[in-house]
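Shown below is the structure under consideration.
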Amino acid sequence: MVNDLKKRNRQDYGYFLEYRTRWSDNDQYSHMNNSIYYHLFDSIVNTYLIEQCGLIPNESPLIGLVVSSYCQFFAPVGFPEVLDLGLRVNKLGSSSVTYEVGVFSRGEDQPAAVGGYTHVFVGSESRKSTPMATGTREGLSKLLAPSLKPTAKL
Amino acid sequence: MVNDLKKRNRQDYGYFLEYRTRWSDNDQYSHMNNSIYYHLFDSIVNTYLIEQCGLIPNESPLIGLVVSSYCQFFAPVGFPEVLDLGLRVNKLGSSSVTYEVGVFSRGEDQPAAVGGYTHVFVGSESRKSTPMATGTREGLSKLLAPSLKPTAKL
Amino acid sequence: MVNDLKKRNRQDYGYFLEYRTRWSDNDQYSHMNNSIYYHLFDSIVNTYLIEQCGLIPNESPLIGLVVSSYCQFFAPVGFPEVLDLGLRVNKLGSSSVTYEVGVFSRGEDQPAAVGGYTHVFVGSESRKSTPMATGTREGLSKLLAPSLKPTAKL
Amino acid sequence: MVNDLKKRNRQDYGYFLEYRTRWSDNDQYSHMNNSIYYHLFDSIVNTYLIEQCGLIPNESPLIGLVVSSYCQFFAPVGFPEVLDLGLRVNKLGSSSVTYEVGVFSRGEDQPAAVGGYTHVFVGSESRKSTPMATGTREGLSKLLAPSLKPTAKL
(Lines give C-alpha, C1' and ligand atoms only; values in the text may rest on other atoms or scores of the structure.)
Protein backbone atom coordinates (compact mmCIF):
# COMPACT_ATOMS: atom_id res chain seq x y z
CA MET A 1 0.00 0.00 0.00
CA VAL A 2 2.89 2.35 0.70
CA ASN A 3 4.07 1.94 -2.85
CA ASP A 4 0.63 2.65 -4.22
CA LEU A 5 0.28 5.88 -2.28
CA LYS A 6 3.76 7.08 -3.17
CA LYS A 7 2.82 6.81 -6.87
CA ARG A 8 -0.11 9.20 -6.53
CA ASN A 9 0.11 12.39 -8.56
CA ARG A 10 -1.81 15.65 -8.76
CA GLN A 11 -4.29 14.23 -11.25
CA ASP A 12 -5.52 11.79 -8.62
CA TYR A 13 -7.16 14.57 -6.60
CA GLY A 14 -10.20 16.62 -7.56
CA TYR A 15 -10.01 19.61 -5.19
CA PHE A 16 -6.96 21.66 -4.24
CA LEU A 17 -6.07 24.33 -1.70
CA GLU A 18 -2.73 25.93 -1.09
CA TYR A 19 -1.60 26.16 2.52
CA ARG A 20 1.15 28.40 3.81
CA THR A 21 3.22 26.70 6.50
CA ARG A 22 3.83 28.40 9.86
CA TRP A 23 7.04 28.90 11.82
CA SER A 24 5.84 26.65 14.62
CA ASP A 25 5.03 23.81 12.18
CA ASN A 26 8.74 23.02 12.15
CA ASP A 27 9.89 21.08 15.15
CA GLN A 28 13.42 21.06 16.49
CA TYR A 29 14.54 18.80 13.65
CA SER A 30 13.70 21.75 11.35
CA HIS A 31 11.04 20.14 9.24
CA MET A 32 7.28 20.11 9.48
CA ASN A 33 6.24 17.94 12.40
CA ASN A 34 4.27 14.79 11.54
CA SER A 35 1.26 15.95 13.61
CA ILE A 36 0.79 19.08 11.51
CA TYR A 37 -0.23 17.06 8.45
CA TYR A 38 -3.37 16.01 10.32
CA HIS A 39 -4.21 19.66 11.02
CA LEU A 40 -3.98 20.24 7.27
CA PHE A 41 -6.17 17.21 6.48
CA ASP A 42 -8.83 18.61 8.81
CA SER A 43 -8.56 21.99 7.16
CA ILE A 44 -9.05 20.93 3.55
CA VAL A 45 -11.84 18.47 4.46
CA ASN A 46 -13.80 21.02 6.46
CA THR A 47 -13.23 23.80 3.93
CA TYR A 48 -14.68 21.51 1.26
CA LEU A 49 -17.64 20.53 3.46
CA ILE A 50 -18.38 24.20 4.23
CA GLU A 51 -17.78 25.75 0.84
CA GLN A 52 -18.90 22.95 -1.50
CA CYS A 53 -21.38 20.89 0.55
CA GLY A 54 -23.29 23.52 2.49
CA LEU A 55 -22.08 22.45 5.95
CA ILE A 56 -22.44 25.11 8.67
CA PRO A 57 -20.47 23.52 11.53
CA ASN A 58 -22.28 25.09 14.47
CA GLU A 59 -25.77 24.97 13.03
CA SER A 60 -25.79 21.55 11.44
CA PRO A 61 -27.77 18.83 13.25
CA LEU A 62 -24.94 16.47 12.24
CA ILE A 63 -21.24 16.54 12.96
CA GLY A 64 -18.51 14.43 11.45
CA LEU A 65 -16.58 12.34 14.00
CA VAL A 66 -13.17 11.07 13.01
CA VAL A 67 -13.00 7.34 13.79
CA SER A 68 -9.59 6.56 12.34
CA SER A 69 -6.75 8.38 10.59
CA TYR A 70 -3.36 7.57 9.07
CA CYS A 71 -0.51 9.13 7.14
CA GLN A 72 2.46 7.89 5.09
CA PHE A 73 5.43 10.26 4.86
CA PHE A 74 7.68 10.15 1.78
CA ALA A 75 9.73 13.37 1.83
CA PRO A 76 10.20 16.20 4.32
CA VAL A 77 8.56 19.61 3.89
CA GLY A 78 8.95 22.68 6.05
CA PHE A 79 8.47 26.37 6.76
CA PRO A 80 8.40 28.73 4.85
CA GLU A 81 7.10 26.44 2.08
CA VAL A 82 3.65 26.91 0.59
CA LEU A 83 2.07 23.48 0.16
CA ASP A 84 -0.55 22.25 -2.30
CA LEU A 85 -3.12 19.94 -0.78
CA GLY A 86 -5.30 17.69 -2.89
CA LEU A 87 -8.47 16.00 -1.66
CA ARG A 88 -10.33 12.93 -2.89
CA VAL A 89 -12.96 10.57 -1.52
CA ASN A 90 -12.05 6.89 -1.44
CA LYS A 91 -15.28 5.53 0.03
CA LEU A 92 -18.72 7.02 0.40
CA GLY A 93 -21.39 5.35 2.49
CA SER A 94 -24.72 6.62 3.74
CA SER A 95 -23.39 7.92 7.04
CA SER A 96 -19.62 7.70 6.57
CA VAL A 97 -16.95 8.91 4.19
CA THR A 98 -13.26 8.11 3.80
CA TYR A 99 -11.08 11.00 2.59
CA GLU A 100 -7.57 10.91 1.19
CA VAL A 101 -5.29 13.94 1.07
CA GLY A 102 -2.10 14.34 -0.92
CA VAL A 103 0.48 16.89 0.26
CA PHE A 104 2.64 18.32 -2.51
CA SER A 105 5.64 20.64 -2.45
CA ARG A 106 5.55 23.36 -5.09
CA GLY A 107 6.61 22.11 -8.46
CA GLU A 108 6.50 18.46 -7.46
CA ASP A 109 4.11 16.03 -9.04
CA GLN A 110 4.81 13.27 -6.51
CA PRO A 111 3.34 13.73 -3.04
CA ALA A 112 5.53 14.39 0.02
CA ALA A 113 2.89 12.61 2.11
CA VAL A 114 -0.47 10.92 1.66
CA GLY A 115 -2.97 10.28 4.43
CA GLY A 116 -6.55 10.75 5.42
CA TYR A 117 -9.35 9.75 7.69
CA THR A 118 -12.85 8.35 8.01
CA HIS A 119 -15.71 10.58 9.14
CA VAL A 120 -18.86 9.08 10.60
CA PHE A 121 -21.74 11.55 10.68
CA VAL A 122 -23.61 11.56 13.98
CA GLY A 123 -26.37 13.66 15.50
CA SER A 124 -24.72 16.58 17.29
CA GLU A 125 -26.82 15.74 20.36
CA SER A 126 -27.40 11.99 20.09
CA ARG A 127 -23.88 11.17 18.86
CA LYS A 128 -25.49 8.26 16.99
CA SER A 129 -24.57 7.38 13.43
CA THR A 130 -27.01 9.17 11.05
CA PRO A 131 -27.26 9.35 7.25
CA MET A 132 -25.58 12.49 5.94
CA ALA A 133 -27.58 15.27 4.30
CA THR A 134 -28.28 14.96 0.58
CA GLY A 135 -26.25 18.08 -0.16
CA THR A 136 -23.28 16.71 1.72
CA ARG A 137 -23.44 13.42 -0.12
CA GLU A 138 -23.75 15.08 -3.53
CA GLY A 139 -20.79 17.36 -2.81
CA LEU A 140 -18.65 14.48 -1.61
CA SER A 141 -19.55 12.22 -4.54
CA LYS A 142 -17.87 14.73 -6.91
CA LEU A 143 -14.54 13.84 -5.32
CA LEU A 144 -14.88 10.07 -5.64
CA ALA A 145 -11.71 8.73 -7.17
CA PRO A 146 -12.35 8.01 -10.88
CA SER A 147 -11.88 4.26 -10.62
CA LEU A 148 -14.30 4.16 -7.69
CA LYS A 149 -17.19 6.00 -9.35
CA PRO A 150 -20.19 3.94 -10.31
CA THR A 151 -20.38 3.79 -14.09
CA ALA A 152 -23.62 3.87 -16.03
CA LYS A 153 -24.66 0.46 -17.25
CA LEU A 154 -25.57 0.07 -20.90
CA MET B 1 -7.68 -4.86 14.03
CA VAL B 2 -9.97 -2.16 15.36
CA ASN B 3 -11.52 -4.65 17.74
CA ASP B 4 -8.14 -5.77 18.99
CA LEU B 5 -7.02 -2.26 19.79
CA LYS B 6 -10.25 -1.37 21.53
CA LYS B 7 -9.68 -4.28 23.93
CA ARG B 8 -6.32 -2.98 25.12
CA ASN B 9 -6.08 -2.10 28.77
CA ARG B 10 -3.58 -0.37 31.02
CA GLN B 11 -1.62 -3.57 31.64
CA ASP B 12 -0.70 -3.68 27.96
CA TYR B 13 1.62 -0.68 28.30
CA GLY B 14 4.92 -0.51 30.17
CA TYR B 15 5.51 3.25 30.53
CA PHE B 16 3.01 5.93 31.51
CA LEU B 17 2.87 9.73 31.59
CA GLU B 18 -0.03 11.92 32.53
CA TYR B 19 -0.80 14.79 30.20
CA ARG B 20 -2.94 17.77 31.03
CA THR B 21 -5.09 18.87 28.10
CA ARG B 22 -5.09 22.49 26.90
CA TRP B 23 -7.96 24.81 26.10
CA SER B 24 -7.02 24.96 22.43
CA ASP B 25 -6.97 21.13 22.17
CA ASN B 26 -10.77 21.29 21.94
CA ASP B 27 -12.02 22.22 18.53
CA GLN B 28 -15.36 23.84 17.83
CA TYR B 29 -17.14 20.53 18.40
CA SER B 30 -15.92 20.83 22.03
CA HIS B 31 -13.80 17.73 22.23
CA MET B 32 -10.12 17.14 21.72
CA ASN B 33 -9.29 17.44 18.05
CA ASN B 34 -8.06 14.27 16.33
CA SER B 35 -4.73 15.91 15.40
CA ILE B 36 -3.82 16.55 19.04
CA TYR B 37 -3.47 12.83 19.75
CA TYR B 38 -0.47 12.78 17.43
CA HIS B 39 1.15 15.64 19.38
CA LEU B 40 0.73 13.50 22.50
CA PHE B 41 2.21 10.40 20.80
CA ASP B 42 5.28 12.47 19.87
CA SER B 43 5.54 13.74 23.42
CA ILE B 44 5.53 10.40 25.24
CA VAL B 45 7.84 8.77 22.66
CA ASN B 46 10.42 11.55 22.83
CA THR B 47 10.21 11.83 26.62
CA TYR B 48 10.96 8.11 26.83
CA LEU B 49 13.84 8.36 24.34
CA ILE B 50 15.34 11.32 26.26
CA GLU B 51 14.79 10.16 29.81
CA GLN B 52 15.14 6.38 29.47
CA CYS B 53 17.32 5.86 26.39
CA GLY B 54 19.87 8.66 26.65
CA LEU B 55 18.76 10.54 23.52
CA ILE B 56 19.84 14.20 23.37
CA PRO B 57 17.83 15.46 20.38
CA ASN B 58 20.15 18.23 19.18
CA GLU B 59 23.42 16.47 19.87
CA SER B 60 22.64 12.97 18.66
CA PRO B 61 24.19 11.96 15.33
CA LEU B 62 20.87 10.17 14.63
CA ILE B 63 17.33 11.45 14.45
CA GLY B 64 14.11 9.46 14.30
CA LEU B 65 12.03 10.17 11.19
CA VAL B 66 8.36 9.28 11.29
CA VAL B 67 7.54 7.24 8.18
CA SER B 68 3.92 6.38 8.95
CA SER B 69 1.37 6.98 11.70
CA TYR B 70 -2.22 6.04 12.50
CA CYS B 71 -4.86 6.35 15.20
CA GLN B 72 -8.17 4.65 16.04
CA PHE B 73 -10.63 6.73 18.08
CA PHE B 74 -13.08 4.97 20.41
CA ALA B 75 -14.45 7.64 22.77
CA PRO B 76 -14.15 11.43 22.96
CA VAL B 77 -11.90 13.18 25.51
CA GLY B 78 -11.52 16.88 26.10
CA PHE B 79 -10.26 19.84 28.09
CA PRO B 80 -9.88 20.15 31.10
CA GLU B 81 -9.29 16.39 31.41
CA VAL B 82 -5.94 15.03 32.52
CA LEU B 83 -5.10 12.02 30.33
CA ASP B 84 -2.98 8.95 31.04
CA LEU B 85 -0.81 7.90 28.14
CA GLY B 86 0.70 4.42 27.94
CA LEU B 87 3.56 3.48 25.61
CA ARG B 88 4.69 0.13 24.23
CA VAL B 89 6.90 -1.08 21.40
CA ASN B 90 5.29 -3.40 18.88
CA LYS B 91 8.30 -3.99 16.62
CA LEU B 92 11.98 -3.35 17.12
CA GLY B 93 14.42 -3.61 14.23
CA SER B 94 18.02 -2.52 13.95
CA SER B 95 17.25 0.93 12.59
CA SER B 96 13.49 1.21 13.08
CA VAL B 97 10.93 0.93 15.84
CA THR B 98 7.13 0.83 15.86
CA TYR B 99 5.47 2.43 18.91
CA GLU B 100 1.92 2.09 20.13
CA VAL B 101 0.28 4.57 22.49
CA GLY B 102 -2.92 4.09 24.46
CA VAL B 103 -4.84 7.19 25.57
CA PHE B 104 -6.89 6.71 28.75
CA SER B 105 -9.35 8.94 30.54
CA ARG B 106 -8.94 8.99 34.31
CA GLY B 107 -10.51 6.00 35.95
CA GLU B 108 -11.04 4.14 32.69
CA ASP B 109 -9.30 0.88 31.96
CA GLN B 110 -10.33 0.83 28.30
CA PRO B 111 -8.52 3.27 26.00
CA ALA B 112 -10.28 6.27 24.43
CA ALA B 113 -7.90 5.96 21.50
CA VAL B 114 -4.98 3.82 20.37
CA GLY B 115 -2.43 4.79 17.75
CA GLY B 116 1.23 5.09 17.07
CA TYR B 117 3.95 5.42 14.51
CA THR B 118 7.12 3.99 13.05
CA HIS B 119 10.44 5.76 13.53
CA VAL B 120 13.35 5.10 11.21
CA PHE B 121 16.65 6.31 12.61
CA VAL B 122 18.74 8.23 10.09
CA GLY B 123 21.97 10.19 10.24
CA SER B 124 21.09 13.78 11.11
CA GLU B 125 23.22 14.92 8.14
CA SER B 126 23.04 12.00 5.71
CA ARG B 127 19.33 11.28 6.32
CA LYS B 128 20.18 7.65 5.51
CA SER B 129 18.82 4.74 7.53
CA THR B 130 21.37 3.86 10.28
CA PRO B 131 21.35 1.30 13.11
CA MET B 132 20.21 2.92 16.35
CA ALA B 133 22.59 3.33 19.28
CA THR B 134 22.90 0.39 21.69
CA GLY B 135 21.48 2.45 24.56
CA THR B 136 18.46 3.39 22.49
CA ARG B 137 17.82 -0.22 21.53
CA GLU B 138 18.16 -1.46 25.09
CA GLY B 139 15.79 1.19 26.39
CA LEU B 140 13.21 0.45 23.72
CA SER B 141 13.42 -3.33 24.20
CA LYS B 142 12.08 -2.89 27.76
CA LEU B 143 8.78 -1.75 26.27
CA LEU B 144 8.34 -4.64 23.87
CA ALA B 145 4.86 -6.05 24.30
CA PRO B 146 5.06 -9.25 26.39
CA SER B 147 3.86 -11.57 23.64
CA LEU B 148 6.44 -10.10 21.29
CA LYS B 149 9.49 -10.54 23.50
CA PRO B 150 11.91 -13.29 22.51
CA THR B 151 11.72 -16.10 25.05
CA ALA B 152 14.71 -18.10 26.22
CA LYS B 153 14.85 -21.53 24.63
CA LEU B 154 15.29 -24.54 26.88
CA MET C 1 7.33 47.28 34.36
CA VAL C 2 9.61 44.54 33.04
CA ASN C 3 11.67 44.77 36.20
CA ASP C 4 8.60 44.47 38.37
CA LEU C 5 7.38 41.34 36.64
CA LYS C 6 10.79 39.70 36.71
CA LYS C 7 10.79 40.03 40.50
CA ARG C 8 7.60 38.04 40.93
CA ASN C 9 7.88 34.81 42.87
CA ARG C 10 5.66 31.82 43.59
CA GLN C 11 4.04 33.51 46.59
CA ASP C 12 2.54 36.14 44.27
CA TYR C 13 0.13 33.61 42.77
CA GLY C 14 -2.84 31.96 44.46
CA TYR C 15 -3.61 29.01 42.16
CA PHE C 16 -1.17 26.60 40.55
CA LEU C 17 -1.27 23.88 37.91
CA GLU C 18 1.59 21.86 36.54
CA TYR C 19 1.81 21.53 32.78
CA ARG C 20 3.84 18.98 30.89
CA THR C 21 5.41 20.44 27.76
CA ARG C 22 4.97 18.74 24.37
CA TRP C 23 7.52 17.85 21.71
CA SER C 24 5.98 20.28 19.23
CA ASP C 25 6.15 23.15 21.76
CA ASN C 26 9.84 23.44 20.89
CA ASP C 27 10.47 25.30 17.67
CA GLN C 28 13.54 24.88 15.51
CA TYR C 29 15.62 26.91 17.98
CA SER C 30 14.96 24.04 20.45
CA HIS C 31 13.13 25.98 23.11
CA MET C 32 9.44 26.48 23.78
CA ASN C 33 8.02 28.81 21.15
CA ASN C 34 6.74 32.17 22.40
CA SER C 35 3.20 31.45 21.15
CA ILE C 36 2.86 28.37 23.35
CA TYR C 37 2.87 30.46 26.53
CA TYR C 38 -0.47 31.92 25.45
CA HIS C 39 -1.92 28.44 25.03
CA LEU C 40 -0.88 27.77 28.62
CA PHE C 41 -2.40 31.05 29.86
CA ASP C 42 -5.70 30.05 28.26
CA SER C 43 -5.49 26.63 29.85
CA ILE C 44 -4.95 27.70 33.46
CA VAL C 45 -7.53 30.51 33.21
CA ASN C 46 -10.23 28.25 31.78
CA THR C 47 -9.44 25.39 34.16
CA TYR C 48 -9.89 27.82 37.05
CA LEU C 49 -13.14 29.19 35.61
CA ILE C 50 -14.52 25.67 35.08
CA GLU C 51 -13.33 24.00 38.27
CA GLN C 52 -13.48 26.89 40.77
CA CYS C 53 -16.08 29.29 39.33
CA GLY C 54 -18.74 26.96 37.94
CA LEU C 55 -18.28 27.92 34.29
CA ILE C 56 -19.61 25.37 31.78
CA PRO C 57 -18.19 26.72 28.51
CA ASN C 58 -20.83 25.46 26.10
CA GLU C 59 -23.83 26.01 28.32
CA SER C 60 -23.03 29.38 29.84
CA PRO C 61 -25.02 32.33 28.48
CA LEU C 62 -21.75 34.31 28.75
CA ILE C 63 -18.37 33.77 27.16
CA GLY C 64 -15.10 35.51 27.96
CA LEU C 65 -13.60 37.34 24.98
CA VAL C 66 -9.90 38.15 25.10
CA VAL C 67 -9.46 41.84 24.25
CA SER C 68 -5.71 42.16 24.82
CA SER C 69 -2.81 39.95 25.87
CA TYR C 70 0.93 40.29 26.54
CA CYS C 71 3.94 38.34 27.75
CA GLN C 72 7.46 39.17 28.99
CA PHE C 73 10.07 36.41 28.55
CA PHE C 74 12.97 36.18 31.01
CA ALA C 75 14.51 32.74 30.53
CA PRO C 76 14.00 29.89 28.04
CA VAL C 77 12.07 26.74 28.91
CA GLY C 78 11.54 23.68 26.75
CA PHE C 79 10.44 20.11 26.23
CA PRO C 80 10.52 17.73 28.15
CA GLU C 81 10.25 20.12 31.12
CA VAL C 82 7.21 20.08 33.38
CA LEU C 83 6.23 23.69 34.14
CA ASP C 84 4.47 25.19 37.14
CA LEU C 85 1.92 27.85 36.24
CA GLY C 86 0.64 30.34 38.78
CA LEU C 87 -2.51 32.44 38.31
CA ARG C 88 -3.60 35.73 39.91
CA VAL C 89 -6.16 38.40 39.14
CA ASN C 90 -4.81 41.93 38.80
CA LYS C 91 -8.09 43.73 38.12
CA LEU C 92 -11.70 42.69 38.60
CA GLY C 93 -14.56 44.75 37.19
CA SER C 94 -18.22 43.92 36.81
CA SER C 95 -17.90 42.51 33.30
CA SER C 96 -14.14 42.23 32.84
CA VAL C 97 -11.15 40.64 34.53
CA THR C 98 -7.41 40.94 34.01
CA TYR C 99 -5.39 37.80 34.72
CA GLU C 100 -1.67 37.41 35.25
CA VAL C 101 0.16 34.11 34.86
CA GLY C 102 3.67 33.27 36.05
CA VAL C 103 5.52 30.43 34.32
CA PHE C 104 8.09 28.66 36.52
CA SER C 105 10.66 26.01 35.78
CA ARG C 106 10.85 23.25 38.39
CA GLY C 107 12.85 24.32 41.41
CA GLU C 108 12.99 27.98 40.38
CA ASP C 109 11.36 30.66 42.44
CA GLN C 110 11.79 33.35 39.79
CA PRO C 111 9.49 33.13 36.78
CA ALA C 112 10.78 32.25 33.31
CA ALA C 113 7.97 34.38 31.88
CA VAL C 114 5.06 36.50 33.09
CA GLY C 115 2.07 37.50 31.00
CA GLY C 116 -1.67 37.50 30.89
CA TYR C 117 -4.78 38.90 29.32
CA THR C 118 -8.05 40.71 29.83
CA HIS C 119 -11.36 38.91 29.44
CA VAL C 120 -14.55 40.82 28.77
CA PHE C 121 -17.66 38.74 29.42
CA VAL C 122 -20.25 39.03 26.66
CA GLY C 123 -23.54 37.33 25.89
CA SER C 124 -22.76 34.25 23.81
CA GLU C 125 -25.40 35.40 21.31
CA SER C 126 -25.41 39.19 21.63
CA ARG C 127 -21.61 39.53 21.98
CA LYS C 128 -22.33 42.61 24.13
CA SER C 129 -20.50 43.29 27.38
CA THR C 130 -22.50 41.79 30.26
CA PRO C 131 -21.87 41.60 34.04
CA MET C 132 -20.35 38.26 34.97
CA ALA C 133 -22.26 35.72 37.08
CA THR C 134 -21.98 36.09 40.87
CA GLY C 135 -20.27 32.71 41.17
CA THR C 136 -17.68 33.70 38.59
CA ARG C 137 -16.94 36.97 40.36
CA GLU C 138 -16.63 35.31 43.76
CA GLY C 139 -14.26 32.69 42.42
CA LEU C 140 -12.11 35.26 40.68
CA SER C 141 -11.98 37.57 43.70
CA LYS C 142 -10.11 34.85 45.63
CA LEU C 143 -7.18 35.31 43.28
CA LEU C 144 -6.95 39.08 43.60
CA ALA C 145 -3.34 39.99 44.31
CA PRO C 146 -3.01 40.78 48.05
CA SER C 147 -2.08 44.43 47.58
CA LEU C 148 -5.09 44.89 45.32
CA LYS C 149 -7.72 43.46 47.64
CA PRO C 150 -10.09 45.96 49.24
CA THR C 151 -9.31 46.18 52.97
CA ALA C 152 -11.95 46.64 55.61
CA LYS C 153 -12.05 50.20 56.86
CA LEU C 154 -11.94 50.76 60.63
CA MET D 1 -2.79 53.25 22.51
CA VAL D 2 -5.67 50.88 21.80
CA ASN D 3 -7.41 53.61 19.83
CA ASP D 4 -4.28 54.30 17.83
CA LEU D 5 -3.86 50.68 16.84
CA LYS D 6 -7.51 50.25 15.93
CA LYS D 7 -7.14 53.10 13.43
CA ARG D 8 -4.37 51.38 11.49
CA ASN D 9 -5.13 50.52 7.91
CA ARG D 10 -3.49 48.51 5.15
CA GLN D 11 -1.35 51.44 4.03
CA ASP D 12 0.44 51.38 7.39
CA TYR D 13 2.19 48.11 6.54
CA GLY D 14 4.89 47.55 3.95
CA TYR D 15 4.88 43.77 3.51
CA PHE D 16 1.89 41.44 3.19
CA LEU D 17 1.26 37.70 3.21
CA GLU D 18 -2.05 35.92 3.03
CA TYR D 19 -2.60 33.13 5.52
CA ARG D 20 -5.25 30.45 5.27
CA THR D 21 -6.75 29.61 8.66
CA ARG D 22 -6.93 26.00 9.89
CA TRP D 23 -9.81 24.05 11.38
CA SER D 24 -8.03 23.73 14.73
CA ASP D 25 -7.43 27.51 14.90
CA ASN D 26 -11.04 27.84 16.03
CA ASP D 27 -11.56 27.02 19.67
CA GLN D 28 -14.82 25.84 21.17
CA TYR D 29 -16.24 29.37 20.98
CA SER D 30 -15.98 28.96 17.17
CA HIS D 31 -13.58 31.78 16.44
CA MET D 32 -9.83 31.87 16.01
CA ASN D 33 -8.20 31.40 19.41
CA ASN D 34 -6.19 34.35 20.72
CA SER D 35 -2.97 32.29 20.85
CA ILE D 36 -3.06 31.59 17.11
CA TYR D 37 -2.41 35.24 16.27
CA TYR D 38 1.05 34.87 17.79
CA HIS D 39 1.76 31.86 15.57
CA LEU D 40 0.89 34.08 12.61
CA PHE D 41 3.12 36.92 13.85
CA ASP D 42 6.03 34.48 14.05
CA SER D 43 5.27 33.24 10.58
CA ILE D 44 5.25 36.58 8.75
CA VAL D 45 8.30 37.86 10.67
CA ASN D 46 10.38 34.77 9.92
CA THR D 47 9.23 34.58 6.31
CA TYR D 48 10.38 38.18 5.85
CA LEU D 49 13.72 37.50 7.59
CA ILE D 50 14.33 34.41 5.43
CA GLU D 51 13.08 35.69 2.08
CA GLN D 52 14.00 39.39 2.26
CA CYS D 53 16.90 39.56 4.74
CA GLY D 54 18.93 36.47 3.92
CA LEU D 55 18.38 34.71 7.24
CA ILE D 56 18.98 30.93 7.19
CA PRO D 57 17.61 29.89 10.59
CA ASN D 58 19.75 26.84 11.23
CA GLU D 59 22.98 28.17 9.78
CA SER D 60 22.97 31.74 11.06
CA PRO D 61 25.39 32.49 13.92
CA LEU D 62 22.60 34.68 15.35
CA ILE D 63 19.07 33.87 16.39
CA GLY D 64 16.26 36.24 17.29
CA LEU D 65 14.92 35.76 20.81
CA VAL D 66 11.47 37.12 21.58
CA VAL D 67 11.69 39.20 24.78
CA SER D 68 8.13 40.54 24.89
CA SER D 69 4.94 40.29 22.84
CA TYR D 70 1.42 41.71 22.90
CA CYS D 71 -1.82 41.79 20.91
CA GLN D 72 -4.99 43.90 20.86
CA PHE D 73 -8.12 42.19 19.49
CA PHE D 74 -10.81 44.29 17.79
CA ALA D 75 -13.03 41.86 15.89
CA PRO D 76 -13.28 38.07 15.67
CA VAL D 77 -11.96 36.10 12.72
CA GLY D 78 -12.20 32.37 12.11
CA PHE D 79 -11.86 29.32 9.93
CA PRO D 80 -12.25 29.00 6.91
CA GLU D 81 -11.27 32.67 6.42
CA VAL D 82 -8.13 33.60 4.51
CA LEU D 83 -6.41 36.44 6.37
CA ASP D 84 -4.15 39.21 5.12
CA LEU D 85 -1.22 39.93 7.40
CA GLY D 86 0.73 43.19 7.18
CA LEU D 87 4.17 43.70 8.72
CA ARG D 88 6.02 46.88 9.76
CA VAL D 89 8.98 47.72 11.95
CA ASN D 90 8.33 50.21 14.74
CA LYS D 91 11.83 50.37 16.21
CA LEU D 92 15.19 49.26 14.86
CA GLY D 93 18.27 49.16 17.06
CA SER D 94 21.66 47.61 16.48
CA SER D 95 20.80 44.27 18.06
CA SER D 96 17.03 44.49 18.49
CA VAL D 97 13.92 45.13 16.41
CA THR D 98 10.29 45.72 17.29
CA TYR D 99 7.75 44.40 14.78
CA GLU D 100 4.07 45.22 14.42
CA VAL D 101 1.61 43.00 12.58
CA GLY D 102 -1.88 43.93 11.41
CA VAL D 103 -4.39 41.11 10.86
CA PHE D 104 -7.07 41.90 8.25
CA SER D 105 -10.15 40.04 7.14
CA ARG D 106 -10.67 39.97 3.39
CA GLY D 107 -12.16 43.18 2.10
CA GLU D 108 -11.67 45.05 5.38
CA ASP D 109 -9.39 48.04 5.62
CA GLN D 110 -9.51 48.15 9.43
CA PRO D 111 -7.54 45.47 11.26
CA ALA D 112 -9.25 42.71 13.26
CA ALA D 113 -6.20 42.66 15.52
CA VAL D 114 -2.85 44.40 15.89
CA GLY D 115 0.10 43.08 17.85
CA GLY D 116 3.75 42.27 17.63
CA TYR D 117 6.94 41.56 19.47
CA THR D 118 10.54 42.54 20.10
CA HIS D 119 13.39 40.37 18.87
CA VAL D 120 16.84 40.62 20.42
CA PHE D 121 19.51 39.01 18.27
CA VAL D 122 21.89 36.82 20.25
CA GLY D 123 24.72 34.47 19.35
CA SER D 124 23.19 31.03 18.79
CA GLU D 125 25.83 29.58 21.15
CA SER D 126 26.59 32.46 23.54
CA ARG D 127 22.97 33.65 23.83
CA LYS D 128 24.44 37.15 24.35
CA SER D 129 23.03 40.23 22.65
CA THR D 130 24.91 40.78 19.37
CA PRO D 131 24.56 43.38 16.58
CA MET D 132 22.47 41.98 13.74
CA ALA D 133 24.01 41.30 10.31
CA THR D 134 24.11 44.22 7.85
CA GLY D 135 21.79 42.40 5.45
CA THR D 136 19.26 41.82 8.19
CA ARG D 137 19.32 45.46 9.23
CA GLU D 138 18.97 46.71 5.66
CA GLY D 139 16.03 44.40 5.01
CA LEU D 140 14.29 45.43 8.21
CA SER D 141 14.86 49.16 7.63
CA LYS D 142 12.66 48.95 4.51
CA LEU D 143 9.68 48.21 6.76
CA LEU D 144 10.23 51.11 9.15
CA ALA D 145 6.97 52.94 9.56
CA PRO D 146 7.06 56.12 7.40
CA SER D 147 6.87 58.53 10.32
CA LEU D 148 9.73 56.72 12.03
CA LYS D 149 12.18 56.78 9.14
CA PRO D 150 15.11 59.19 9.45
CA THR D 151 14.64 62.03 6.95
CA ALA D 152 17.50 63.66 5.08
CA LYS D 153 18.35 67.05 6.49
CA LEU D 154 18.68 69.97 4.06
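Each chain gets a letter, A, B, C and D, in the order it is written, and its residues are counted from 1.
Simple rule for what comes next: a contact is a pair of C-beta atoms (placed from the backbone, for glycine too) under 8 Å apart; a residue touches a chain by one contact, two chains touch by 3 or more.
Given the structure is predicted, the values throughout are model-derived calculations rather than measurements.
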Checklist entry - Same or different: do the copies chain B and chain D touch each other through matching residue numbers, with over half of them shared? => result same
Checklist outcome for this item: Fit chain C to chain D (C-alpha, same chain sequence): the rotation, rounded to steps of 5 degrees, is 180
Next on the checklist: Roughly how far is chain C from chain D, centre to centre by C-alpha average, rounded to an integer in Å?
Outcome noted: 24
Next on the checklist: With centres defined as the mean C-alpha position, give me the chain B-chain D separation in Å.
Outcome noted: 36
Checklist entry - Hey, how far is the Cα centre of chain A from the one of chain D, in Å? => result 31
Checklist entry - Among the residues of chain C, which ones contact at least 2 other chains? => result 23-24, 28-30, 33, 35-36, 39, 42, 57-58
Next on the checklist: Once you draw an edge for every pair of touching chains, what topology comes out, line, ring, star, complete or other?
Outcome noted: complete
Checklist entry - Can you name the residues of chain D that touch chain C in the complex? => result 2, 28-29, 33-36, 38-39, 41-42, 57-58, 63, 65-73, 76, 117, 124
Item to check | In the complex with chain D, residue positions of chain B that touch it | outcome: 23-24, 26-30, 33, 35-36
Checklist entry - In the complex of these two chains, what residues of chain C are touching chain B? => result 17-24, 30, 39-40, 42-43, 45-47, 50-51, 57-58, 79-80
